[in-house]
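Letters A, B, C and D mark the chains as written, and numbering starts fresh at 1 in each.
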């Protein structure tokens, strides 16, 4: 009298079997046999990661080019505290028990993370523009101060719950179907914002003086990027944790910079490369589980896979990879430019 | 119209190529059948319990009719346990999940999965409804360590047997007999431990550990009768860290513990198997300076974890007795 | 149990955290000055995160030899964390030099990838050595309250080492910060000083993590240096002030985190020491940034407002004076000066009270006093323009309104003699 | 003060009582001048004279203490589309992954709203402009591979595409080879024929006489603004540049 529960089809497959099972599942999904409801945890993780790759493809490229990655890092730290405070402070008012922990209602999370992101950006701009402090000093001082205030408030409110490592490292294995909602929403938001404002963003990033001379206000677009970063951080908060989402922002653009120079293909590559990375990660972590019975943190594995991919690209990239240069020098072959 | 750096024809070509690869992979023979065989899929019902203490009780009731497995094993701290890669299958493949409740497992992901499971029973909350005044409250949150008091922990047997017999009606008689027998042994063990600990002189029975796990233990075994009635037994137990270990500590907590030690001139402090001993080390070194020699106990107590790496405990009752014995020979020294 | 000041240094419970964090803060602010002046202040943040895999590695290798919370274990963790943050720093520099990656992208990349690898190793640890894993967690978030005497000696040694390094190599450091090519021209090895700089930063960051936590450590590198920057005139002063502010915030952090909860004896009101130290340091920094007399934000904004309003007054008078019949309506004034109505009213109101203007059939007209003042203003502005152009390298006066009458007089003769064409 | 008001119709640019303070140190003080349409105006002055600040404050990129500026009689907001600005080359990050064509096409952004795509005839216009600047063959090349002169030509091409009435150029000839300088001057002279006004920040006194017909000479305060013969006199130069200015002037005479 087995209850009608479905075993996870990926239960015992290793690296390559994972792909075969995945392809049958995808076929089933396309032909409609498998509904969206009974997606299995591995597939949900895959979809969430793909969503993240998609939304951070646009965002990452412009963050790196506008040299605002450190601001994104600051946003991530303060958002972490915004979330924890929202849960601890606001939960009694909205009479939903923090510990009962129905999915932390996304409204509160989004709202609180947006306020913290705007506050942080405003303070950083204030210190940089009006108080004329060096840029990285102003970033550093603002976000560490807010983080310290957050930690004090957290310990004030509850002696028992410490800042779970889960908030920092995220827990990709605990994802659920309705996590897909937030990721889908954020990817659509990112996609629409960047396709509409693509021209504005390129001109503001490339030549801020020229843009302000033709009437585009540069600081408006800075704030917009910061808002989009905070929204993406929320989407990534449950899956990869607020700190490792930085990897999504930084690694793909750096990887694709090694391969091409055209801005549009950099954006496409910054989606394709991490997507490949995510596929490899999910199957690798499944592989470790089945073959070595060792459960490892998939988000940590994801970052390591990105790191290794970037190292490979550093060595082999056609433009000026270490290995290709070595080849070009020693062997008399012409490296295609 | 050049779009995204490649013209449309190229894009369509690449997409077709990748879909083809997917499909060919799909039809390959299922080669993991041999791994499947390793898992016998007989008609046994699978029961999952979050902490080892529940798992031990469930195994004693179901014996070989069920295969019970445990989520948090070894020395991992249940308070902040977060789901790892394989746990998702364990939970979804279990027919019934028993967890302690009372906000013990407050890791966000674990809590959420437990809620969503179709048949998950919070044993602590069950006891809370039946005997509300038994459950302790420390600074407006419930103390989840109810397994430290055998007389309380015995009440979880009824809900377990009830659930098992619901799922597996034929075996319900078998479960009832095992349950009754287990209750008897637990109550006998409870009295034995009680008498042993009461034998120690009252002035010695003060317990200081690193985190607030031994509230129930003190109330039932260390406190005298009228202390239990009047509720003044709390003075017999103190711990620097709150309910969840390694919260942000402040100097004030350490100061309070040292005053407590001086007040009741407690000379021995008990470390726990799976909690960091920094705070206790600090307390010991500072109180030594204040000319009140306090030292660590030779044996380690088992608060949240049943048994440790090099000294495994294979049953719940044995864990309580081990704690009691290490307390007794420390105090009688 | 009241705490008086001295007991902070004698009481066994309070002594270790207070002294420990004071030494740690002073050494981190000294290094902070170096990092701040080289415009790499976020290095602290990156290094504290890149040390995480080192910590996880140390646990997995040394778990067999040491018990979870023995002192030897703390040294092992520190050493491995130091190694991994040095590796991180070298990666950052390599990426920047060889592949011309933007420096903050390289910083973030190395930061999150090392942290990710650390997470991977730590999750492996979670199953096998759970207790050590918990020890690593507390290491990350910092636990100032449970510091013992052995930590005082660690921080004292660190403090002395950094102090000696700064004192002995003061000139090298000055050259390294100011101008590296000049240093190369003198034949002094830049690489060694650079290596020393790397060594000192990593040491201060890694050792500081234990007491204040990862993120707070990054702040401790920046806050004291930034505060010192506002009031220090020379590098020496900067080091002194930074050390002073570091020490003060270290002590105050401890003091407040103990005495404030005393005010609410009943509740379990708890202030963690680590974050308190950083909050004090940052508040000090904000205060100095805004209120420090010569170039604080407040003073600058005040002086700018003062000049702006004075100039507006002068412009209105000059404009009315140049109008036919010395007469102008409020709209013309608003149009001419492109300011809002409110401002225009405000200016006119002031001029009326000073009896420079009077109402004449609906528009304002210059009084006798007003027109004399206007002429005077014309002369003043012209001479100030002259002063700016011809006395370019004499920067005694920065604003028109502190021109002394006698300077005006000799400026006038200068103009008369040089250009013998006096305007009206 | 400009004695003669050249033409009576509205001046291309008129500036009244413009003064700019950087916190509390004066950068520009009480600048008043007007420039008629159809002139190439050189903005000359020693280092730190506030040349770039003058342009930036005119285009309201930095806030000024006081001043009223009008372009062809109206405010900047209405004439925004008719004004083109060529920034200094050093303010731009040159290893940005963008091709020469895309940089030039940025000149069309003021006319394009959010949703309009870059059409083919826009590309044709861009190629024409690149042709006129002699950079047609570099159209698909990455900007990081261009020399200083070529980068300046791309910037000029972008400004040309805006087909504005008033052009502001910030040190276009700094660090540029002679061939580029001449070709830039040809284009600029071409613009002058089309009744456009150009303001060029320039620092090399020798070429002032041959390039510009009007000059704004300033050193924190306005020394002179008007046709070359009137303003570019030895007396004004010494006043602007101090004693060394005189020697510079004499050397310049030798070359004439």
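Worth a mention:
Here is the rule we use: a contact is a pair of C-beta atoms (placed from the backbone, for glycine too) under 8 Å apart; a residue touches a chain by one contact, two chains touch by 3 or more.
Keep in mind that what you see is a predicted model, and the values were worked out from it rather than measured.
Chains touching both chain B and chain D: A, C. Comparing per-chain C-alpha centres with the mean over every protein C-alpha atom, the closest match is chain A.
When each chain is reduced to the average of its Cα atoms, D sits farthest from chain A. Should one ask which of B-C and A-B has more C-beta pairs in contact, the pair is A-B.
Chain centres here are Cα means. That of chain B falls 48 Å from that of chain C.
Chain A and chain C have Cα centroids separated by 30 Å. One finds 37 Å separating the Cα centroids of chain C and chain D. Of all residues in chain C, those touching 2 or more other chains are 123, 127, 137, 141, 268, 270-272, 274, listed in ascending order.
Residues of chain D in contact with two or more other chains: none.
Of all residues in chain A, those that touch two or more other chains are 151, 155, 159, 162, 165, 257, 260, 262, 295-297.
Every pair of chains meeting the touch criterion is listed here: A-B, A-C, A-D, B-C, C-D. Contacts from chain B toward chain A in the complex involve residues 4-6, 22-23, 25-26, 28, 30-32, 35-36, 43, 80, 82-89, 92-93, 95, 103, 106-113, 115-116, 118, 139, 141, 167, 242-244, 246-248.
For chain C in complex with chain B, the residues that touch the partner chain are 1, 11-14, 16-17, 68-69, 123, 126-127, 130-131, 134-135, 137-138, 141, 143, 145-149, 254, 257-258, 261-262, 268, 270-274.
For chain D in complex with chain A, the residues that touch the partner chain are 59, 61, 80, 83-85, 87, 91-93, 96-99, 102-103, 106, 109-110, 112, 114-115, 142, 144, 158, 162, 168.
Residues 64, 67-70, 72-73, 77, 127, 130-131, 133-134, 136-137, 139-141, 143-145, 147-149, 151-152, 155-156, 159, 162-163, 165, 169, 243-244, 246-247, 249-251, 253-254, 257-258, 294-297, 299-304, 306-307, 310, 314, 320, 322 of chain A are the ones that touch chain C when the two sit in their complex.
Of all the residues in chain C, the ones that touch chain A in their complex are 36, 39-42, 44-45, 49, 98-99, 101-102, 104-105, 107-109, 111-113, 115-124, 127, 137, 141, 213, 215-216, 218-219, 221-223, 225-226, 268-272, 274-276, 278-279, 282, 285, 289-290, 297.
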